[in-house]
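Should a chain be cited, it is by its letter among A, B, C and D, assigned in written order, with residues numbered from 1 in that chain.
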Amino acid sequence: MTKIIEPKKQSNIFKRPSSETGIWSWITTVDHKKIGIMYGYAAFFFLLIGGIEALLLRIQLASPDNNFLSAAEYNAMFTMHGTTMIFLAIMPISAAFFNYLLPLQIGARDVAFPRLNALSFWIFIFGGVFLYSTFLFGTAGAPQGGYLAEEVSRLGSAPNGGWFGYQPNAGFKYSPGTAMDYWAIGLQILGIASLVSAFNFITTILNMRTKGMRLMRMPVFTWMTFAVSFLLAFSLPIIAIALFYVTFDRQFGTTFFLTEGGGDPILWQHLFWLFGHPEVYILILPAFGIVSEVLPTFSRKPLFGYPAIVFAGFGIAFIGFGVWAHHMFASAISPVAQAGFGLSTMVIAVPTGVKIFNWLGTIWGGKLKLNTPMLFSLGFIGMFVIGGLSGVTHSIVPADTQQTDTYYVVAHFHYVLFGGAMFGIFSGLYYWFPKVWGKMYNEALGKIHFWLMIIGFNLTFGPMHWLGLQGQVRRTWVYAEETNLGFWNLIVSIGAFIIALSILVFMANWIYSKRKGPEAGFDPWDARTIEWSIPSPTPVWNFSKAPEVKSLDDFWHMKYDEDEDGRPVRKEGADALLAELEEEGLNPSEEIVLPNPSYFPIILASGLPFLGYAVIYKMLPLAILGTLLILIGSFGWGTEPLEEEFMEDLENE
Amino acid sequence: MKLFKSKKIFLLGFIFIASCIEDAPLDSLSPAGPYARSIDELFWLTFWIAVGVFVIVQGALLFSVFYFKERESSPDPKQIHGNNFLEILWTIIPVLILAAIAVPTVKTIFDLAREPEDALKIEVIGHQWWFEYKYPDFGITTANVLVIPEDQPVRLEMWSNDVLHNYWVPKLNGKRYLVPGQTTYLNLQADSPEEFWAQCGEYCGLSHSKMRGRVISMTESDFAAWVANEQSYAEKELPESSLAAEGQLVYLNAGCTQCHVIDGVWDVQGDRIAPNLTHFANRSVFAGAALKNNPENLTKWLANPAEIKPGTFMPNLELTEKEINALIAYLGTLK
Amino acid sequence: MSVDHKPHPKPAQYVQIALVLGVLTAIEVALYYTEDFVGVFTDPLLIILAVGKFVIVVGWFMHLRFENSLINKFFTGGMILALILFAIVMFERAAANFI
Amino acid sequence: MSDSHSYPHEPTGVETRKLGFWIFLSTEILFFGTLITTFMIFKGRDFPGIKLTDVYDIPFTSVSSFVLLMSSLTMVLAHNALENNDQEKTRVWLLSTAMLGAVFLAGQIYEFTEFYHKGFELSSNIFSSTFYVLTGFHGLHVFIGVVLLLALWGIGQRQKGLSLDGGMNLEFVALYWHFVDIVWIVLFTVVYLI
């Protein structure tokens, strides 16, 4: 029998949550795995919404001078599509991976601060709900003094200043109503969530590593999480302050970004992209990590140039802070700045190239098992290379002044963020599916998903390069028939629906396989990293005792030796060892203390949207309510005894 | 092969080819002036290098997938952990390639930014959602259609009246922002007399997509004639009882003068928030170049401007059909 | 449980450090009033003094110089990053053509 | 936090919470960095009319800066006393730190009202906007610090007294407090003296 020490149910002040199943167990959980799963589902839900928004955009653009959406609706849709996909879909899906895998990969029992982890999840949820509540409560209209022919929007009013919120267009004068306030404050709340998790992950990686897990033995995914956390920790404060300024401008009549009052709209661009460019790497680095796990596993070869890949990842993260103004080449910046940022942007292609070549080196000479996760990873390389190369054309500043703000850029960053990040994420979702659910996904459906998606993806975003070069600007509600852009736009729209179809296949596979899939066993892939050395689905306590890591790809080296030819030979006792591991994984031999569930993260987080509404509607009672919830949350949190105190009590008893 | 015999495929193929050949007026790949050409050359240089890299990387990828695919007979591969020589090689080669591109890039950046000698200065002012042009040397104010002499550099001094805009004539040069409170500059030069399309690149609110423009380059003599005409005032005296005269009354009484100026009519010259209409009939387009200048379009526009350009600052003046017709007749006289 | 835990200063030392800080502040204020004599050196001197005070508080009061070098790296890393980024932004904005 | 017996402690040799807290402080640098940058950018611009810099009361602000500086001393003394497990002294120094902080805050409120009466509202001009937001953001930090100090003092009054183990203990509040102080060192120079 397992010996889990039950947390003490009664503390000094508040009753501890005690449900182990059912909805309350999820609401009060501090288990990184449950939080990871919740992150995943929530993010996927928002991914679907963002996808539907994209489809609406594509219907509108399918033919020239179309009238399917009004200008206001179109603008709201592209703003929300961008905001949703970045802040509510890809970032939290990455967070889902971080949460679930990070402690497993470094052999820890949980993250460094489990309650803080729950807090960031709930802040994310409340931030997302707050942002989307704009469809119910928000208002938007024509700029002050402007006229509209009809009602603003049949969909409810959503932010319409673009996900980048360029000032002064997103200011109160040109975007009146409350919708843009929802955007500014919503992002602020979501930023807090990411910031908190960044502290948590950095600390976890540094301090929760198991015995022998030196930094240079960590899996690449862990390394990329580490890099991403730094990017978050150092870039989010900048946007937080910039969003403060926006909120002040919109609510309290300041003029930080308004020229009339001496403000500077270009300063917003600097602050936004100081955050916004690291953000790009925040979105893509997790996928780099995932791919670096999948490729070696299914090539049956170690990762080629592990140190190079790690350093390149940090190189990208570091240089990523120094290239922000390449988003502003057409903006009011000097030629010197253009040249400088053009060069720094070129430089970032080097570590990215190093990664790509190392991945190619990994599969070269391997024994490639072309199953779904591997296909997505290979597809990732192929698509990301295209995105990377079009990225290099942006660093050629004069050429970029032709391409910027056109569909060429849209094509570029979808190749990077969809062909890159999303392909990597899907690869990861299939790869770790058996670890999370203990079941195997359906390979045939998985392959259909892949082929539909790669065809749909290229149909959608490939022609966009051409459209951009032919002069189709971004964020364009209609385009004139005379511009001769209709044909390719139609193809693009068809492609978008093929992607939608592929997502349906994915969902069917997921739902079906999670219930009816065959049992996966704990190491279905003959994998390399230690998260596969524990049973699937992962037991609540992860490792029944702290593993001791002796090398990079420790789990592989437990199973395989190398012969004189350098080829792997299965160790003699490997099967027995695995059986032993599984047995022990399910039946821990020592006492296990798990972090206690808590009500307070969700209570604390629930205060933030009320503060947001209070700022927008200038309602004091809401502000008091919000503050009260935050105070109750923090007080309860602070007075809730820690696990160590339980331990002491138990020992005393 | 049956597939290719079907008519639909043929039709699609035809449309495909047609769409590639047909001229796109905003095409950034068919430069018509030295500035755009220098950008174009740089783009193609980078493009072909990128194609080279693309072919190598995708080739290696596809080769690996087919050649190293798991087969029943395939043994477990050698465990290779890396190769320092290769790492250095694929770090240095991209560096060298990029350095090679960097040199012309930096040179072109500064070439494009330099103010050309004896350039014609034109001020471009962005409004939601149209471009205003001023020729300080000639005292001309116009809108939507920028007229430039051929084969002569033009220096645009640009700013915005409200939000950020982005001035773009793809065949003549790249984009440059129009920023409130700051001046930005852009050089244009066209090889020959031609009409070019312009478009606002930066998202600037509801009707961003309809913030378009035309740039017309003219021979030197045509340009001189155009300048002379623009400098003159429109006819003040219109034949009484003509439709145009009625239209002038509508113009004066319906509220148009709140925002528009027709030099020499009713009020003094001056800046107003809406386009200067003094030589309206000479412009091929109106309403931020979203519409061609013809009576049908004018009727639609005057009946309800916000229908055409959502968010527009031109109100619906509730004109009757008769008033609209008169107004159109009057606008037609503004040559 | 720091491995390389150097002993923290004694209260008397803390008071001495605080005195130094107070004197530095007094010099700062004095510099403000003597700007006319000191001329162009005022601003650099003020910055040097502020940095000095900063380092003293971080090093001694926050015990950074007694801490593991890891923490040190984070903090100085953040500082340097911020300084570089914001210096670029400031220079870039100072070069803009305002109407 | 969730370590059981076989789990090793802190391979970096830095206590986990302290590590997390220092990372938080490193991030705060970027917060204030952004605010200060904005301030510097707008400080360089000329605006018509009376300037906020003309109504600065340097002697007054110098005194309150000194007060905040000295609160760092009392804070470090409190920390020191707790390291020697002298509960009485710890409480005294804690309370004096909170008091000094409160004095500083009161000074700031006084300064804000003075400026306000001289016609500088939050939205009067860009310079007063940046001034209020920057110093106000710092003031908010001081306020949170005072609340934390008082909470600690309250906990110290209980039977068990304070300790340097466990949750949000005195060490972190001290770090936070010193951080707020060093930010003011920079602000005093950047905002008032230069």
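Odds and ends about this structure:
Please note the rule applied: a contact is a pair of C-beta atoms (placed from the backbone, for glycine too) under 8 Å apart; a residue touches a chain by one contact, two chains touch by 3 or more.
Not measured: the values here are computed from a predicted model.
Highest C-beta contact pair count among chain pairs: A-B. If each chain is reduced to the average of its C-alpha atoms, the one that sits nearest the average of all protein C-alpha atoms is A. A separation of 52 Å divides the Cα centre of chain B from that of chain D. Between the Cα centres of chain A and chain D there is a gap of 33 Å.
Between the CA-based centres of chain A and chain B the separation comes to 36 Å, rounded to the whole angstrom. In chain B, 181-182, 184 are the positions where the chain touches two or more neighbouring chains simultaneously. Listed for chain D are residues 10, 12, 14, 19, 23, 26-27, 30, 33-34, 41, 45, each touching two or more other chains.
Across the assembly, chain C contributes residues 70, 78, 81, 85, 89, 93, 96-98 that each touch 2 or more other chains.
Of all residues in chain C, those touching chain D in their complex are 1-4, 8, 10-11, 14-15, 17-18, 21-22, 25, 28-29, 31-33, 43, 46-47, 49-50, 53-54, 57-58, 60-62, 67-68, 70-71, 74-75, 77-79, 81-83, 85-86, 89-90, 93-94, 98.
The part of chain A that touches chain C in the complex is made up of residues 206, 234, 264, 266-267, 270-271, 274, 321-322, 325, 332-334, 336-337.
Across the complex, chain D meets chain A through its residues 1-8, 10-12, 14, 16-17, 19-20, 23-24, 26-28, 30-31, 33-35, 38, 41-42, 45, 47, 122-123, 125-127, 129-130, 133, 151, 166-168. Residues 70, 78, 81, 84-85, 89, 92-93, 95-97 of chain C are the ones that touch chain A when the two sit in their complex.
Chain D meets chain C in the complex at residues 9-10, 12-15, 18-19, 22-23, 25-27, 29-30, 33-34, 36-37, 40-41, 44-45, 58-59, 62, 65-66, 69-70, 72-73, 75-77, 80, 83, 174-175, 178-179, 181-182, 185-186, 188-190, 192-194.
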